[in-house]
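Two complexes come next, and they have one chain in common, chain A, joined by chain B in the first and chain C in the second.
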Partner chain A sequence: MNAAISYAAIAAVALASALIGFYGLRVSRTTSDFYVASRTVRPWWNASAIGGEYLSAASFLGIAGLILTSGAGGLWFPIGYTAGYLMLLLFVAAPLRRSGAYTIPDFTEARLESRTARLVTSTLVIVIGWFYIVPQLQGAALAVRITTGLPSWAGSLAVAVIVAVVVAAGGMRSITFVQAFQFWLKLTAIAVPVIVLLILVGGVEPSLEAADAFPPTAGPGDLDPYRTVSLMVALLLGTLGLPHVLVRFYTNPDGDAARRTTVIVLVLLSVFYLFPTIFGLLGRAFAPDLVASGDADALVLVLPDRLLPGWGGDVLTALVIAGAFAAFLSTSSGLVVSLAGVISQDLLGGSVRGFRIAAVLSSFVPLIVALATESTGLAGSVGLVFAFTASTLCPMLLLGIWWRGLTPRGAVSGMLTGAVLSGAAILGGGAIAAAAPGIRPFLEQPAAWTVPLALLVTVLVSRVDRRRRPRGTDAFLARLHTPERVR
Partner chain B sequence: MPESMLLAASAGVVAGALAVGVVLLLRRLVVAQRELGTDAEQATYQTLHLASRAAAHVRGGFDGADAARAGRSLRTMLGCESLALIDPAGLVTVDGDSADELREVATGLALAARSSGKPHVQRRIAINGRETDAVAAPILVGDRSAGAIVAFASPVRAGLVRATGEVASWVASQVELGELDASRAALAEAEVRALRAQISPHFIYNALNAIASFINTDPAKARELVLEFADFTRYSFRRHGDFTTVAEELRSIDSYLELERARFGERLRVTLQVAPEVLSTVVPFLSIQPLVENAVRHGLEAKEGGGRITITAADSGAFAEISVEDDGVGIDPVVLEEVLAGGSPGEHVGLRNVDARLRQVYGEEHGLVVETNLGAGTLVRMRVPKSQPNSTAGPNQHPPITASRDGSPAR
Partner chain C sequence: MRVTAPSTGAAAASARPSTTGDAAKGSEPESVYVRSLIRSQLRLGITYAAGFVVATALFVLAIVLSPVLDASFVFGVPLSWLLLAVGVYPLAITVAVLYARAAARNEERYRALTEAE
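Moving on to the complex of A and B:
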């Protein structure tokens, strides 16, 4: 593989993102026409921006790698990642927009009228964000190692530094057009190679038998009901609490626009996930050796060069690397922006200086974790973050929007229950499972039992604590559920 | 780092946190036990505790659930069998034995107490076949009666009569406090209302003059200007809602500038740099337009050859930053300081008004930031939190900007 092209692709994406963030939009937005200036963001743009921020290393590299290693079972990930937006559409998007809150902690405080509940929510948001950034940095490490031959840490460090500097300096502040651009870049970067490769392999016989490439045992026949259900619970409900996705809904002018945006996101994601899936299938046929080497997640980066040696392969590889880096940078910067907002507002008094400190902090804490731990599959680790989110923020959000009876104590105890249970299962699962192998699946995919438990604790404590129901509950819920046009 | 190390580290952290928590809890328990004090002290604490619990429910006036809760605390405090709270309208809330006969007796006694203005005792009342005594005390807020308390006990001793009287006057003071709270809130609201920017008479005069000058020379233009004027006044005279969105505010600024341009012509140039992300941010009604008006009237009007106004709205994390800049004659910082501090009315009233409202709504640190000097132009900035769940923008009644140019007479 040509390292020079890889360097060039990485540098180009980094530079383009930074420059657009700093200067490009300043120029393009300047106008003396009020009609142009007061046009709100169209749902299409906003949906693209959500896609740009959402499609992370797990989507771009992880899914293909997972399908390569585990076959059709891996398909549940793209299904869950997409269908989460259906939950968002049905239960959260419009009411959250109507609440007028900008972040999840803002929503908690307004709904429950409690500082404690806000602080607990903020802490959880920060933890979730940090652990979501970790796989992005690990993905960067993998991409840099495979494509340039540099040591792994170089990739993580580069992404963390770029994101910290650009966000702290004031660029890339979740600007809609930058993020929308990132989505279309990612889609192009994965769709073009897939289409070229498909045309190419149309006439080539695979080097191994179809039955070996797609063994029935790795297909639907091997489905474990508990794991599948648990994974779906995690992915469907986890999407509801992702901090960097939810702040984007604020850009919509009203609740209806928020719903329309979500529908478009569903379409865009469905289209996008076709391509990593095809990549995974091609990988099973043409690069099964990657599984043994432990670099299955690098499939998307390696395959173009294998099937198309020469300059054509180099160009496709450069394109894929550019897409991958767009994924690392956009997701990480989106997360860092929203985390820095939460940290600076709750701990550092909301100043601009505080935001900068928080931005640097939010990039380097995950960097340390990423350097200290080994990647065990990008899609899998992001899946665990989803399980944690689903067990903590999702019960609070859902009940907060749909149930009058929620009280601050109920919400806090539910969030803490979910955090302790799912946190213990995710971090300590390996050790516990070694002692009691029978419960291993329950620890590896905890969402199916931690989410209901967290919900139950929230409801029970709220019932017991009925007297402390916030006074403004009825007015606030009426506001959440009344369409703007009838107000 | 191997997984086991990470695991050990996290287990250590969790165990440590738990241990610290347990120690703190135990320490609190021990300290609490030691400090409970003598019986008399405990009785005082108990009474104060009951009083503070009841206070929250009494303040809002006693009706419905609040009265029931207040009644429970007050009955415990007085140590009587039943307690009835009668509100000014004669509605009775009873804690304890709530027979209909008891309600009737309570109503009668309360009337007697209220008319005499003194505690009133009645003995040997037959309720449900047994005899009981009752004492009623009026709740007097100033000269006005705000209801009464009736305590039932058998027998009613002098101590209870006295205590009931005291409790009634305590309740009265709480009701007064509640009214004070309400009037303070009303005052704050009235202050915001009063500060709500008004169209300056100056502007109306200038605008009408400008329109008049076009009526003969360019009737189409004059008509367009009248429509802009109508748009602008409709927005500014809006009755309800103290908040609006940045987008709505920009539309009103457009109408305003269109009218000013009739006077200034090419001398007034405008540049906008608006991030679409902040268009839906909620801001106080008429909080940006006065800044633009200030820039036109005090910055550019006096400057030969006019100048440029730059309006910027940028996304800044959880805040929206809005600034209005002009390259006009600038303001003397000393004068400006005086104006913002509340002195010398007249010049720059708009700035002071917006500054005061921003501070009132978002807190002291969210006032206007003004950078200016004589001859150096003026830059006025404000920083508004994006998250404002407690303030809703008024209804979106403003027609789109283009509608005023389509030539149709009725809209």
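Moving on to the complex of A and C:
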């Protein structure tokens, strides 16, 4: 593979992101511009930006890698990543837009009138965000190592620095432009190679016969019911609580626009996910050796060159590298924007300067974690972050929007229950499963039991604590659910 | 509505509507309408979510229970894999479009009721 082409592609994406970021800087002046783009973003722009922000290393590289290693089980990830937006549409999109809050902690405080509940939410948002950035940086490390031969840390460091600079300089309005641009870049970068490869593969001899590449034992029929259901609970409900996704809904002009935006996001994601899926299926027939070498997540980056050696392959490779970097940059910068918003409001007084300091901090803490740990499959690690989010923020959000009985104590107990249970399963699961192998699936995919338990604890504690129901509850719920023009 | 300064206090204050006191308790009929709007929106959301989950489960069950799909190849890929790879997305989009319309209709009904007052 031609390293010069890889360098050129990475540099071009970084430069384009920075330029659009600085162009945005000239039109973003007030603090409000900085945080939520003054709520004037049109549904199509906003939907592209949400797609741009959401499609991470896990989507661009991880899904194809997972289909290559584990077969049809990997097909469930893009389904869950997409259908999460359906749940967002059904239960969260319009009310959240109408809440008038900037971030999830703002929502918690306004709904529950409690500083403690706010602080717990903020802490969770920061933990979730940081752990979500780590796989992005690991994806960058893998991409740089595979395509240029540079050491892994160079890729992680480059992404962290670019994100810190662009976010600290431009704020969110510029990020809306950057994100929308990056969605279309990512779609082009994966669709064009797939189409070219599909035209080519008729003439290339596959490494494996169809029956061996797609054995029924790795097919849809070989379904583990518990793991599949638990993964779907995590992905469907985890999307509701992702901090960088939620903050984007505040930029819709009203609740109805928030719903229309979400429908467009669903369409955009459905189209996008066709392509990594096809990459994964092609990989099973043409590049099965990547599984043994442990670089399955690099499938999207190496397949074009394998099937089309020469300059044609080089061009396609440059395109997928650009798309992969767009994925790392856009997801990380979206997360850093929302984390910086939370940190600067809670700790640094909400000034523009505080936002900048927080942006730099939020880029470098995950970098340290990424450098200290090994990637164990990008789609899998992101899936675990979804499980944690679904067990912590999702019960509070759902009950906060739909149930007038929620109290601060109920919300805090539920969030802590979810955090402790799913956190213990994710971090300590390996050690516990070694002692009791029978419960391994329950620890590796915890969402199916941690989410219901967190919901149950939230409801029970709120019931006991009935008298501390916030006084503004009725007015706040009315605000969440009544259409704008009536007010 | 326009929010200008995103400090914690301001965001929380703006998020608490100016109606604290009046519309919440004041006009009884309006708060009855609001409660019924919330109930009907929640019922709508749960119905559509359940519809999506049941339809997806049936679709997957049909694939799992038809071994013939594992043996029929299209473009070198078993039909069962292809169906799972593309089948659920059109379903999700359909449910989303229908829900967005129904939710907007609920709000329109609420608007008509409150403006008729």
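Basically, the second predicted complex is superposed on the first by the 464 of 487 C-alpha atoms of A that agree within 3 Å, B and C clash if a C-alpha of one lies under 4 Å from a C-alpha of the other, contacts with A are read in each partner's own complex, and residues count from 1 in each chain.
Convention: a contact is a pair of C-beta atoms (placed from the backbone, for glycine too) under 8 Å apart; a residue touches a chain by one contact, two chains touch by 3 or more.
Small disclaimer: the values here were computed from a predicted structure and weren't measured.
Visitor: Check the residue A:Pro483 against both partner chains and state whether it touches chain B (first), chain C (second), both, or neither.
Guide: The second partner, chain C, only.
Visitor: Could you look at A:Ala101 and tell me whether it touches chain B, chain C, both or neither (first, second, both, neither)?
Guide: A:Ala101 sits against chain B and chain C alike.
Visitor: Of chain B and chain C, which one touches more of chain A's residues?
Guide: The larger set of chain A residues in touch belongs to C.
Visitor: Examine A:Leu242 and indicate which partner it touches, taking first as chain B and second as chain C; both and neither are also allowed.
Guide: The answer is neither, since A:Leu242 touches no partner chain.
Visitor: Quick check for you: in the superposed arrangement, does A:Thr176 touch first (chain B), second (chain C), both or neither?
Guide: The answer is first: A:Thr176 touches chain B but not chain C.
Visitor: Kindly classify A:Ala58 by the partners it touches after superposition: chain B alone (first), chain C alone (second), both, or neither?
Guide: neither
Visitor: Kindly classify A:Leu427 by the partners it touches after superposition: chain B alone (first), chain C alone (second), both, or neither?
Guide: Only chain B is touched by A:Leu427; chain C is not.
Visitor: With the two structures laid over each other on chain A, which partner does A:Leu443 touch: chain B (first), chain C (second), both, or neither?
Guide: After superposing on A, A:Leu443 lies clear of both chain B and chain C.
Visitor: Going by the contact rule set out at the top, does A:Leu281 touch chain B (first), chain C (second), both, or neither?
Guide: So A:Leu281 only meets chain C here.
Visitor: Between chain B and chain C, whom does A:Ala340 touch in the aligned arrangement: first, second, both, or neither?
Guide: Only chain B is touched by A:Ala340; chain C is not.
Visitor: Could you give the residue numbers on chain A that contact chain B in one complex and chain C in the other?
Guide: In chain A, residues 30-32, 35-36, 38-39, 99-102, 106-107, 110, 341, 345, 350, 476, 479, 484, 487 are touched by chain B and also by chain C.
Visitor: Taking the complex as given, what residues does chain A use to touch chain B?
Guide: Chain A reaches chain B through residues 25-26, 29-41, 99-103, 106-107, 110-111, 170, 173-176, 250-254, 337, 340-342, 344-345, 350, 352, 355, 372-373, 427-428, 430-431, 476, 479, 484, 487.
Visitor: Touching residues of chain B toward chain A in the complex: what are they?
Guide: So the residues of chain B touching chain A come out as 1, 3-4, 6-7, 10-11, 245, 247, 250-251, 253-254, 257, 269-277, 279-280, 282, 315-319, 385-392, 395-396, 401-402.
Visitor: In their complex, what parts of chain C are in touch with chain A?
Guide: 1-8, 11-12, 14-17, 19-21, 23-25, 31, 34, 37-38, 41-42, 44-45, 48-49, 52, 56, 60, 63-64, 67, 70, 73, 76-78, 80-81, 83-86, 88-90, 92-93, 95-97, 99-100, 103-104, 107-108, 110-111, 114-115
Visitor: Give every residue of chain A touching chain C within the complex, in rising order.
Guide: Answer in residue numbers: 30-32, 35-36, 38-39, 72, 75, 79, 82-83, 85-87, 89-91, 94, 99-102, 106-107, 109-110, 206, 210, 213-214, 216, 219-221, 223, 256, 259-260, 262-263, 266-267, 270, 273-274, 277, 281, 285, 341, 345-346, 349-350, 402, 472, 474-479, 481-487.
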